[in-house]
Amino acid sequence: MRLVGLYIFLAVTIGLGLLFPDNYYVSVVGSTAFFHIILAVALNLFMGYAGQISLGHAAFFGIGAYTSAILTTRFNLNPFVAMSAGAMLTGALSTLLARPILKLKGHYLAMATLGLGIIVHIFLVQEEWLTGGPDGLSGIPPIKIASLVVDTDIQWYFILCAVSAMTIWISLNLMDSRMGRALRAIHGSEIAAEVLGIDTASAKAQVFVLSAVLTSIAGSLFVHQQAFISPDSCSFAFSVELVTMVVLGGLGSTFGAVFGAAILTFLPEFLVHFEELEVLLYGAILMCIMIFLPKGVFVSAVDGVMHLFQRRCVRDVGSS
Amino acid sequence: MSALLEVNSVSRRFGGVEALKDITFSVHGGEIFSIIGPNGAGKTTLFNLLTGVFYADEGSILFNSHDITRKRTFEIARLGIQRTFQNLQIFLNMNCIENVKTACHTRISSGMISGCLRLKKVIQEERIVEKWAMEALDFVGMKDLALAPSDTLPYGLLKRLEIARALAAKPSLILLDEPAAGLNDTETLEMRHLIESISRSGITVMLVEHNMSLVMEISHRIMVLNYGQCLKLGTPTEVQKDPEVIAAYLGEAAG
Amino acid sequence: MKLHRIVRGLFLILFLGIFLAPPWAMAKRPIKIGSFLALTGPASFLGDPELKTLKMYIEEVNEKGGIDGHKVELIYYDTGGKAKEAKDIVKRLIKKDRVDVIVGGSTSGTTLAVIDIVQRAKVPLISLAGSIRIIQPVKKWVFKTPHTDRMAAAKIFEDMKKRGITKVALITGDGGFDKSGRAQCLDLAPKYGIEIVADEKYSNSDTDMTTQLTKIRATDAQAILNFGFGKAPAIVTKNVRQLGIKLPLYQSHGVASKKFLQLAGKAAEGVRLPAAALLVAEKLPDSDPQKKVLLAYKHKYEAKYGPVSTFGGHAYDGLFIALDAIDRANSLDRAKIRDEIEKTKNFIGTGGIFNMSPTDHLGLDLSAFKMLEVKNGDWTLVQ
Amino acid sequence: MLLDQLIQFLITGITIGAIYALVGLGFSLIYNASDVVNFAQGEFVMIGAMSAIFIYGAGVPYFVAILIAIFISMFVGVALEKLAIEQARNATVVTTIIITIGASIFLRGAALLIWGKEIYGFPSISGDDPIKVGNITILPQSLWIMACTALFVFLLRYFFQKTLTGKAILACSFNKKAAYLMGIEVKHMLALAYGISGLLGGIAGVLITPITYMTYGAGVMLGLKGFCASILGGMGNSMGAVIGGLILGIVESLGAGFISSGYKDAISFFIILLVLFFRPAGLFGKTGVERV
């Protein structure tokens, strides 16, 4: 019951992959959607569960991506070793920064994470000897699983599908566990969480690191799938896009993040037909969704279904 | 009777205002100890000092012979002090039972990684937490509302939910900040029974409350605060008879 | 209330869904030219004339009956100048739209990002971007039409050498074009006996560069070289005059459009830059083989859209190199088209006379570049 | 020589800083009135500038064009409040952030449709001939920018401290319900705050375009810098935003001048981070105490 959403997710995505392996919207856009799902679910751990905000997650994505890119092209390291190195580097950096940054709240936290993201981005642009500058790095080798070289779109589709499912599984697990509740408690009321014996500073730091490391792993995968990385894949705009996904789907809900990521991946694909109107429509749709469904598309839908039933139930007991 | 909580000459200032001035008292295990006083007398500030939300400028606080004067909030909670809030601090993003389960934080130990991977230990913990949480909800009479989202509950139920949450942490001392405020007569009566049954179950209760009849009827001892100073400390009868208290507080409130 | 909201939300989505249904309709087998251009974002001043040119000439070709009876169809998308978008778009062009040849990539970043894809999918790509890294080392399926940044640097240094300048202050932005140009300058300078005495940078969204130029003023530079595009070089040009710096100012081919003259105004007087002959078409001697082509393009474009830039010209070159190759190949087989593109000889374009070969996928030499100077608010040829 | 350089750097820094200050002031104003961080603030700047360019281009006299343009961006501000923010009154902070981000994308899209992708310039108020003092030069437009910023900071201060309407807006920021009960039309006050904020943006746009040119997408970076300025000074503190903007501009200029021009933005963000680590509510912000 707890994982029923995950099963539906797997059934739908695997079904699509098997039925339309060569369809552009499935194999190419679908793969991008999986990346966004991984990233949005990871960010939702930090934003939706713990109620914090990060406008700098693209930085962790970039660190993972560039570490993998550099280690595999320059030092011929195994992609999985490089990926772990990227994850460790991100882990170390986020651990170091977690305490001072997470002391900040609200807009100040947004500012600090935004600053962090931009500093990393500037570094990637300026240090051409290491990162290739604005044109980025290319020729990154594909990953190999056993003796299978993963380099077609549909192979990636299934791999990313598996990783997304894993991320969703992790997120759902965490929700119903000691630390997951602690995080959501911080979201609800930080002071009450402390009073219940939750070391909120440590819990926030832990989830920040967890979210950052998952983001970094997604970055590493991205670099192998794309065989290319440049700084605009990890820009401030991308950080904002990730936040938008999480909020659009429904803050705090794992499947909200999944829906938000899917919507924002497919929306531009359709808006492309409007040419010059694209930007305008994108902004308008974003605004409309948030105005009319402020809790997010997925959460509002679920709420709507549950609402009548719940209210009746409360009324009955409340008056007894 | 040994003292569970000892407060020695505690003072706290906010800017130029002395919110608490040289307060000394002790609370014995098992009693219901009430603090009364007009608005702004420093009652909630005292609770905040006891739970480490603020620190005392001077003086010391001992709980179960641990010095908690400079301990952080969550460390104090782990030693066994729980509280409720004057402005409810329910986790509105969770349903009732999740609110209560959260309070079992200190009674279990799994970390974030094991939670993510849902190791065997977590599954076992979840089973027992579920049981504890239901017990606590049952205790406040909200068993049937376990799965109700907390943001749909009426005020009175939220007050009880907050108490259930505090109880689920298995405290030895519980601080209730105006539990009857905003409740109607029936609800106040229910609250009174609830407080008494908490006390009966062996938990020491400290109570800040404006409802005088409730305070006078259930308290073992009462401390009267006025402008941050202790005006009187004694049994309800002693307090009621004290002329200074009557002048400063009861005169207008009980009249 | 809640339900009401959701119903409203659903209507919104339905409403959009109806309008968003992609136009599936398709005619019988036309030649499909795919393109991915920076139509929005900071590089949109490149993509904009490129798209206009492509549309205009494809229309003309179709009016004349197409190529061997095939109509030509243009399928294009906006990259916003972003590499990730470009990759997805090129995959879409290849997988979904099944184009025969791709003309595009306004910026080097977007082109470099898609090279792997076109190489693997075996689709000919004619890029409209500057970086030398696109064609060096040679990639089987990748060609380009604009002069390289290395050629621009060489042309500038050649001119400096003629004027006896040996100490140069470099100032560049943080875009791909700027960075790549800067690298070529630093690499080439010693070969021309030129010393780079300052290497200042700015961000392309900056509003003011006087700080960097103040630093440059304090060096013993004899000339300033600004490699960049967009509004930044115009700001640099203005700031140079504002600070009263009398040194010769060189710009790159990144500003080769009328727009630069408008923006920088009086400050642009005396600025030199290497550019394709298009900007000075009228001033070329009649004997110049390019003159006819240039004037034709210029008149056609200006009649419809206003002042030409060399950027649109690159698209013209790319489009006709591709169409000529298809014509010669007499087939829509991508491999044959590629072979014919590589065999392009004596193609007179707006950028110069192209002679491609298996080792040279650009086919232009330094002579294709003219050194221009701004005089009285217009381009003039430096002899 | 070094002193000349330093002064030149400072002039540049103060000019840029004054612009950041104007944008930051807009952030601060809206935050004060409605607790919303308006990420479309940069687009107000862009719209003001673009309108001025086109109205002037259509043959309308210079100052009239500027006035109309400022009025247009003010109108856009009010429209944003009425059509978007007011409709989503119960939205959480993050949701309103996304709404304003959506609004900024929408406005950019609209500008793209109306004005295209070109880069535009606009004539200065009083010519482009720099004023020279020894080795130091300054554009008349820079002086105009500084003067106008100072003027509007002063006017705003007066407005909030001395006029009833100004005080009413402030009252809304402290406690909406109480303000409403006192008979203040909260809705109108919010719209007014957005309007003033749009006006400030429009002024900033008109003032900087002669120096920096304008494109439909230029609002993003300006908005970001304005946000930095208001955070640095302490969100909601108007003077803080102004000082924050000036500090930001000067840090950028000195960073580019003395440390590294490539890393100048990184340097200013680093400074902001450093400030926040020691003062979690900005330089002049109050750390709120939560009542429980």
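The letters A, B, C and D name the chains in turn, as written, and every chain counts its residues from 1.
The rule is short, and it goes like this: a contact is a pair of C-beta atoms (placed from the backbone, for glycine too) under 8 Å apart; a residue touches a chain by one contact, two chains touch by 3 or more.
Please read all numbers here as calculations on a predicted model, not as lab measurements.
Undergrad: So which one's got more C-beta contacts, A-D or C-D?
TA: A-D
Undergrad: Could you tell me which chain lies farthest from chain D when each chain's centre is the average position of its Cα atoms?
TA: B
Undergrad: When the centre of a chain is set as the mean of its C-alpha atoms, what distance in Å lies between chain A and chain D?
TA: Here the centre of chain D sits 31 Å away from the centre of chain A.
Undergrad: If you average the CA atoms of chain C and of chain D, how many Å lie between those two points?
TA: 34
Undergrad: Which integer distance in Å separates the CA centroid of chain A from that of chain B?
TA: Those two chain centres are 40 Å apart.
Undergrad: Using CA atom averages as chain centres, what separation in Å is found between chain B and chain C?
TA: The separation of the two C-alpha centroids amounts to 71 Å.
Undergrad: If you look at chain C, which of its residues touch at least two other chains?
TA: Residues 40, 174, 201 of chain C touch two or more partner chains.
Undergrad: Could you pull out the residues of chain A that touch at least 2 other chains?
TA: Residues 122, 126, 191, 278-279, 285 of chain A each touch two or more of the other chains.
Undergrad: Hey, what residues on chain B touch two or more of the other chains?
TA: 53, 85, 89
Undergrad: Report the residues of chain A in contact with chain C in the complex, numbered from low to high.
TA: 22, 24-25, 27-29, 32, 122, 125-126, 128, 133-136, 138-139, 153, 226-228, 230, 232-233, 270-273, 275, 278-279, 285, 288-289, 292-293, 297, 300-301, 303-304, 307
Undergrad: Residue numbers of chain B touching chain A in their complex, please.
TA: 51-53, 72-74, 77-78, 82-83, 85, 89-94, 98, 101-106, 108-112, 114-118, 122, 125-126, 129, 144-145, 148-149, 152-154, 157, 165, 169
Undergrad: Residue numbers of chain D touching chain A in their complex, please.
TA: 31, 37, 84, 87-88, 90-95, 97-99, 101-110, 112-113, 224, 227-228, 231, 235, 262-263, 265-266, 269-270, 272-273, 276-277, 280-282, 290, 292
Undergrad: Quick one: which bits of chain C touch chain A in the complex? Just the residue numbers, please.
TA: Listed in rising order, the residues are 2-3, 5-6, 8-9, 12, 16, 20, 22-23, 40, 77-78, 81-84, 87-88, 91-92, 95-96, 108-109, 112-113, 115-116, 131, 133, 174-176, 178-180, 183, 201.
Undergrad: Contact residues on chain D for chain C in the complex?
TA: Touching chain C from chain D are residues 1, 5, 8-9, 11-13, 15-16, 19, 112, 116-119, 121, 128, 130, 132, 137, 139, 208, 211-213, 215, 217-218, 220-222, 253, 256-257, 260-262, 264-265.
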